[in-house]
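As structure tokens, here come the structures.
You will see two complexes here that share subunit A, one where it goes with subunit B and one where it goes with subunit C.
Presenting the complex of A and B:
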């Protein structure tokens, strides 16, 4: 693990740990204000004339991925159950709106709420089964759920089989921009709020030691399933928006296994178990992938694979986690060093850096 | 009669699944890694055989002997690939979070798969062996000759691995590392080298099987994940660390798939496999033959 601490030199003089620590403190103290500022700034591009075209699409997709990465992190990062099948909720949401809007004739906003709810229902059934598993078994079972869902949608008539569904009568681009952006802001606010409640603490406790959490009297199954369903709600709603945004949905795009890795990579690069991390990771990695896609067509997934390998091997704590560790170097002195008996706590590598930045 | 035919087909293909799964189980048991790039080794083995044959004959057709001669090449090459992957990448994440080990092998899987598409396009390719036609007819059952050859080949590879693990010095070292890496290191076994050899051997078997798969089915860059997952189903079914268990699991999975294809529809085979995976994991995570371990 290479963090800034060993490199020293120029970086340290420009950005000393205390400065980073101050920044984290500031973000922590003013998280709601920062989120509000972010919410205002995000509404500006369409107001100032960016209403369609490539950059509009890229921004909208960025928000979409941020929603997916943050939802993944709720279960994968906060609770310690890394799912490789979150895209199953996305696909189910996508097909729900596609069917409701095109075949049943229900209005899009209602259909999208329906998409979220159907995904939640699916998640509750699947969750009870797979959340009993841990480690390798959980990861592969969720991957199995994703692929089984994909195969089923390939066979059924109602989903249009392998050729999928085309949706032509769709709202304008700005509608999706505000839709995904609004969903992201709501989710960030909710996850941040939850991370400071009993609910959020129990999730973290499950990640750190599930047996101990159970022994303390928490019904861990309830908490795990609730987090899993909350993730499904946002992932399903995002999928519900995506099918109309993309005007086309088929088993390959709805249950996209590569996207599933992509959103895990985003959470990991940004820093798992934080609110800002997955969002930063989503914005960063999506920008890189877009650039690669434009410059070297067809190589974006190679880059994705390489990015995953480099992150996992190089800095598994991600941007926010590594910075938090760097900032934590000052912890020792803040608590008065050895004299105050702070030596033990300060050197504890598990010490949770309270990083909850806005955007 | 039709059902017997489906079961025969299933057993023939199932042996190939089993041989792939044995390598997957070996890495799981010895290195304690779920290698999500295992299916890519099958793919690379298939392409190695395909391109070697193409280089020799000008097209991907040849006699049985010529095809069989390409298999050692696939095996040696894939051993090198597996050894190198373990030494350069996987070794670095061993002992960290399980999630990170999964992610690094998934990253390798995507990178290999996408490089494969760049190099060889996404079109499926297959090897034509002149010897294949006509199929044998045994007691009213159709047995395609190449499937029989592949079946025997898969059994031979698995049996060789079994003997290797039981009888040779390296095999004993591998089993020792699997049981207790610290104790193995104490008696002078180079643990990292042994793990890399295990990775290499597992990849080599997958590569050899991949060559057979190129003759009876086809190879394409994105085929890998399905073989990885089938391996997982089989290993969960047979129990981690049990070669006979994996063999039985593979033959059963092949039969179930062929029966689904024959009695319901071939579109449903994969959906049934993956559902079987989830059900098995939930109901019986230690496998039918496996030792009791913490899931």
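Presenting the complex of A and C:
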């Protein structure tokens, strides 16, 4: 790949890599404070009168997609197992809440926790089977899981068959706003914390070289399944909230394959393997989709496809990943490879400045 | 480093010979592996004792890497047993054998390319095992200090926060070596550590391996094609040809062994 020294000269003078590096350093040092500020800011719109209507719905959906994208990234980005079946957890969660609230008469918050747990149980069983597969095979198998789950809900009586379930007596819009927002903040905090523990390092190690991770003594199946179950917990709980938010659930909305593509696109555009990336991607892409949907009806999938292509070709690491690369591009040269060690290495007639290894 | 290879090897034997009465770190007992009609490894017995550096040489296709794979559990041996510190690990899953104290450096250098050098070392630390508690805590200061110490040891201190994939091949090799030291395995298997690195780096690597052996009590079993390297560094050497162990002894003995010379020159 190019080192980008020629192109982007204007960008380089306005926003030098060192400035971006400082920004990354600042975010890293104050991550918890930033999350706290975000949490406070996020609670404000309803306080200042935004309680219903179009913008309220858009914001709520934005948080919902951020949860889904961040959950997908836990397995798809951090662990390197791109799943096309995450919406299966969502659908299972959605139906669980719908059934528990409507047919069993359980309170909504309890039902939502139940939705998360049922999704986790489902993930643990499915995970042991599909997480043995890698790459394309894993992607296809997870897609199969999604389609199978959709078909099952179409056939069963308890799920209302193909016509689905209508849910009345739902809480007000602000309840869902705070619900999804709270869930998102909790998940961001959790994923951020985990990404700095050895558990998070092992997930990244599996992504980079699973055989090496195994040779180092990690039972990778165990770690992959744990990450997959955590993703299912949040995706299932989000689905559980969605069925009442939407007041209606049927196989098509619960197991929405197009959403599955959207949330992958969000994670890719924002930057996989990071906490901020999928959230930024979800906010950005959902805004674009909303604008397109109102201004150019029917074109949203075309725009979505174009956005994915531009991202994959132009910024394969997404917004956050590409910025990180840009910020760190001089790191290796600045620190000067072997020369950095000083000492005895410096006295060697070092015939080894082939610094291009990774590029 | 200026000492003659022979003199060096003799002193190594003296050191390696002392702890023979204790249980061998690694012992294979008649390990055999067949691929269809081909017997890749044929009834090989090997012992590696604590504190030793043992070499494994042989012509291409002699079964060296296959033997390694049988020891690590990547392949399951058709016959024979593998013991680590007296514990029978034959047929155990690869990750379990690794956790029992076996480290491995691959022939093609393998680091976690998208992670920083520091994280590569942190993930390698075996301390605390796979317990949920230690996995869900942030690495403590002692662990971080150990990472700095080991990176300084292989002269990569300045590159701790650089993505490992950006490093040169030789540097990645050193990162991988530091990762293995981080894990403090009872036994480290190295598959051609000298492969593909330049002469000056090789000098450094010899020094690092020797210091790890002396200062960190690392026991090392290595496959090597670079004869100068293996003769200089190994206390003892096993020779494989056609899957069979045809010789073993000190580097000096191996260099003068007619069967070894025949095997390398292609005579039966």
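Here is the rule we use: the second predicted complex is superposed on the first by the 326 of 359 C-alpha atoms of A that agree within 3 Å, B and C clash if a C-alpha of one lies under 4 Å from a C-alpha of the other, contacts with A are read in each partner's own complex, and residues count from 1 in each chain.
In this section, a contact is a pair of C-beta atoms (placed from the backbone, for glycine too) under 8 Å apart; a residue touches a chain by one contact, two chains touch by 3 or more.
Since the model is a prediction, treat every value here as computed from it, not as a measurement.
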Could you say whether A:205 touches subunit B, subunit C, both of them, or neither, answering first, second, both or neither? second
Check the residue A:196 against both partner chains and state whether it touches subunit B (first), subunit C (second), both, or neither. second
Quick one: classify A:25 as touching subunit B (first), subunit C (second), both or neither. neither
Using the touch definition from the top, say if A:133 reaches subunit B (first), subunit C (second), both or neither. first
Would you sort A:143 into first (subunit B), second (subunit C), both or neither based on which partner it touches? first
First, second, both or neither for A:171, with subunit B first and subunit C second: neither
Which of subunit B and subunit C A:214 touches, first, second, both or neither: second
So, does A:264 touch the first partner subunit B, the second partner subunit C, both, or neither? first
Across the complex, what residues on subunit A touch subunit B? 76, 82, 84, 129-130, 132-137, 139-141, 143-145, 147-148, 151-152, 154-155, 257-258, 261, 264-265, 268, 298-299, 301-302, 304-309, 312-313, 316
Could you please specify the touching residues of subunit B with respect to subunit A in the complex? 28, 34, 89, 92-93, 96-100, 102-104, 106-115, 117-118, 225, 229, 232, 236, 265, 267-268, 270-271, 274-275, 277-278, 281-282, 285, 295
Quick one: which bits of subunit A touch subunit C in the complex? Just the residue numbers, please. 194, 196-199, 201-202, 204-205, 207-209, 211-220, 222, 273, 328, 331-332, 335-338, 340-345, 348-355, 357-359
Subunit C contacts subunit A in the complex at 72, 74, 93-96, 98-99, 103-104, 106, 110-115, 119, 122-126, 130, 134-139, 152, 154-159, 161-163, 165-172, 179, 183, 198, 200-201, 203-204
